[in-house]
Every structure is written in structure tokens, then in C-alpha cells.
């Protein structure tokens, strides 16, 4: 996600992405942000030992966190700081050690003060693991200070 | 949570608790189960660096996970394996580094196949951080193999 | 819910209550607001024919509406117009013709822009029918124009 | 939604549709089921006076009910009686008298015991009014007694 235009400028979406990549909890758990566009983000992880619950399947908190990081990335992509108001998750499938999971957050509706996202978590074979609705509240601060016209996606 | 009755027997709730304490993800994140009764559980954590998001407050995934571990402990307390069907969380307060958080899960209703819990996450000063509803599905397996009449709470 | 103080003044909570009692849909369905306090409201209905679904039990929409009217009454009780952002309902029990249902909405947390309520729907024998979380957004308008210190409850 | 094949047989989906059309509450409120396929349904209404709340916009209970009737129709379309376990709705837009609303329920995932639907409520111009997730529990009874291979959609 480098931006080397040679112009010395870094575009906004690249800067937002860098900020989001610095999320300590996501890094600690092993969640990677693989794509950010305006109103959209994709995250992934591979289930390792420390992500298991006492039943030896992926912990609900891990699946939630993968979805939540995608949601946060997507709703902060417009460079207006957004925080989660509420999140609803329905689990559909237990997940074993070694599985690669992908979450996609998509903006369904953006208002003046709030925005609504759906987040689908799937195996890399496309089977639905969890389906979520996230509601975000828009604060008056920016995610990053620069603001220029970068590419629509990173 | 030791059970030393001198009888050589370990009661069911103590055994369930031991199993739940073995949850790898909860241990990895730093979530402790501090109390389990039938239909009730309490968890806690203190917010450290690896729990922060890119805004330097506790990550939504951490707050969710604290609630989710309490929910799992409470709904598995009857020694019938229960898994999360759905979870709804509303966030009320950003949380800073160093804060101690406590989650309490309480059974609101238990049916034949499903059970319903509310989970409140609070600061140790009692301020509401998040309020959740968790719906669990009961499987036909036991959490632990022994089953005898232990104490009602651990 | 009359207010006869002889002073010619009508207090705010009584006026809010009158406004809410005018809700056309609640009247049409047969939902009554029986109590409003600041941050609290109680509604009731008795299940009649037009409230049944195709399985001849109370329709999910009726149970939701009973809860929603309680939520609206409670979150508008401070005379700041509040609208529903989101609502989560878990159903626990099918309800037959003739049953009297009561919903209670309680404020769990009030912030500057949003407030959170839990709403429990029960039979008049106290059995849980549905449990809900409602999130409200506060607008800048008043429910009623007068504003004086009336009683804390109506 | 007539089925006149001349064979004297009525297909299952037509019979389910007839049963669902008999829903007393939907008829009472003014909600019409306009399409049922396996795992899919569409409902509509036009906002009239008795659907308004005290703010003179469409009541949250009406919008919910429109979505809930679509959900019920979709999840009962396989001729296995299904009941709502939980429902989550996020409201995005106040709706005025006279507006025509359409709800579409789509199956996202079907398991052995539960199934998951998303339900979108829109104006007839396609603007999002509410977005919902509904979780259904499958009972062991049939919606209608006949069972033969009718058309895939009605």
C-alpha cells in the first residue's frame, strides 16, 4: 500500500490506510487490512492456535474482530473519524484451525451523522461464516490531516 | 477456583470452569473469567497497549470479546455445550489505556434449544461501556464428562 | 392521565403523554401507553383477532410494535424529540389470542446525541415474551412547546 | 397468485402463498405479499393515516412489520414452518404519508435448524428506508399439507 508518485505528496486514502494498519489490536491478533476504498474494506486472517476457543474452533471474538476491523476501515475511509455505535453479528459456521477467513465491509447507507455497513465473513472458498450490520457515528475530526485527491481505492 | 473437598471428587462447575479457563484466545488477549454460576458469569481485563485501536482507545473487538467470554462461560455453565447464534452490542463509552473493565453475563431466558443472555460491560467505577444481547444454541454434548452436585457458584 | 391542578397550567410530562397518546398507529393496533416517567414507559395490549399471524399466534410485528411504542414514549419523555436508530428484538415465547401483554422500556444510558433502552415484553403473569435493545437519536426539537416542572411520573 | 393448471392439483408454493395471504395482522395493517419464491419474498404497502406515529411519519412498527411479513413469507417458502428467533432493524429515513414502500427478504444462509435472511425496505424510488437481519428457527411442521413440484416462484 505504498504510494510513490514521485511528487512528494501522499494521497489521503494511502495515509488513512497507514494509520489504520497501525491498529495495535488488529496486529496483535493477526488481522490484516488488505483493501480499503471509500465505503469499503476487506480484511483477512488465518486461524492459528491463539484464536481458538475452549471447543478448539475459532473464537467468536476473533470472527467479530475480523469483521469489526473491516467495518472500522470502511467507515473511516472518507477521512472523517467514525466510531461504532452498534454491531450485530449472526454466526453461521464453526471454523477450524488453519482456515483462512476474509471479511468484506460495504457501505449500505451514509447519512449526515451516521452510516450503515454490512460485513460478511467468509472462508476463502466463499462459505458464509458470519453476517453483520454495523452502525457508525461520525465525529467532527479527520483520520489524517492531509486531504487531497488520491486514487479511489488502495 | 480450586476445589479441594478432600473427597477426591471434582464438582461439575469447577470442571467446567477449568475447561473454560483454558480458552486460548481469552488467555492470549488477557481476559480472565472471575466468576461462574449457573446462568451467570463475570469476566475482566485491564486495557493494555495491545488492546488499543488506531484512535488509542480500547478496540471494539476487545470490548466485544470480554462480553463474549462472559456469555460463553454463562451459557455453558449448565454443562450442556452452547454456541453463539447471534450477538448484539451497543457501545456507550470510549475507554482509555489502563482502565479495568468488568463484564457480567446473566441468563434472561432458557428454552429447550436456545437461551438468551444480557451482557453488561462496565468500568470498575460502574459506568456502562457496552450493553449486549447474546443468543445461544444448545448442542447435545456436555462441556465436561463428570456430572455431580457441586456448589451452585464458583 | 388528566392534569387538573386548577392552576390552568399543564405540566410537560402530561403534555408529552397526550401527544404520544395521539399516535395513530398505536391506537389503530390497540396499544395503550399506561405509564410514562422520565426515561421509562409502560405499554399494554390484549391479543385480539387482528393481531394474529397465519399460525394463529400473536404476530411478531405486534409484539415489536408494543415494545417500540414503549421505547418511543420513554425516549421522548425528556421533551427532546428522539427517533429510533436501531432496534434489536429476541422472541422467546409464542402468544395466544386473549393474552394480555405488557412492555416496559427503561433507559440504560443517555449520551449527548444518543440514548439506549432495554425493552422487556412480558405476559401479565410475568413470563418473558421478548427482550429488546433500542438505540435512539436525539433531534434538536421539543416534543411539546411548554416546559415546566411537572411531576416526575405520569 | 392463482394456479390453474387444469390438473386439479394446486402446487405447494401457491398453497403456502394462500396461507400466508391469510395473515390477519398483515391484512389489518395493509401489508401485501406480492411475491414469494423459495428463500425470497417481497411485500409492499402505501403509507396511510393509520400507519403514522405522533410525529406524522410512518411508525417504526409499520416499517418493521412490512419487513417481518416479507421475512416470514420467505422463510416459510420451503414448506417447513419457521418462526422468528431474532430480528435486527436499522432505520435510515423518515417516511411521509402517501409513500409506497417495498420490502425484499433474501435468504443468506440456511442450516439444519436455523436460517438467516436480510430484509431491505425501500421507497419505490429505491431509497433505503431500513435494513434488517432476521434469524428463523425451523419447526418440524409443514406450512401446508400438500407437497408437489410447483413452479419455483409465484
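By letter and in written order, the chains are A, B, C and D; residue numbering begins at 1 in each of them.
One rule holds for everything that comes next: a contact is a pair of C-beta atoms (placed from the backbone, for glycine too) under 8 Å apart; a residue touches a chain by one contact, two chains touch by 3 or more.
What you see is a predicted model, and the numbers here were worked out from it, not measured in a lab.
J.: Most remote chain relative to chain D, going by C-alpha centroids?
T.: Most distant chain from chain D: B.
J.: Rounded to the nearest whole Å, what is the centre-to-centre distance of chain A and chain B, using the mean of the C-alpha atoms as each centre?
T.: Distance between chain centres: 25 Å.
J.: In whole angstrom, what separates the CA-based centres of chain B and chain D?
T.: Going by mean C-alpha positions, chain B sits 36 Å from chain D.
J.: How far is the middle of chain B from the middle of chain C, if each middle is the mean of its Cα atoms, in Å?
T.: Whole-Å distance between the two chain centres: 32.
J.: Give the residues of chain C touching no fewer than two other chains, as numbers and ranges.
T.: 85-86, 88, 90, 135
J.: Answer with line, ring, star, complete or other to describe the graph linking chains that touch.
T.: Topology of the interface graph: complete, with all chain pairs in contact.
J.: Chain D touches which residues of chain C in the complex?
T.: 19-20, 22-26, 28-29, 49-55, 59-62, 64-65, 68-69, 72, 81, 83-91, 94
J.: Spell out the part of chain D that touches chain A in their complex, as residue ranges.
T.: By the definition above, chain D touches chain A via 88, 90, 92, 108-109, 111, 116, 118, 128, 131, 133, 135.
J.: Name, in rising order, each residue of chain B that touches chain D in their complex.
T.: Touch residues, chain B against chain D: 85-86, 88, 113-114, 135, 137.
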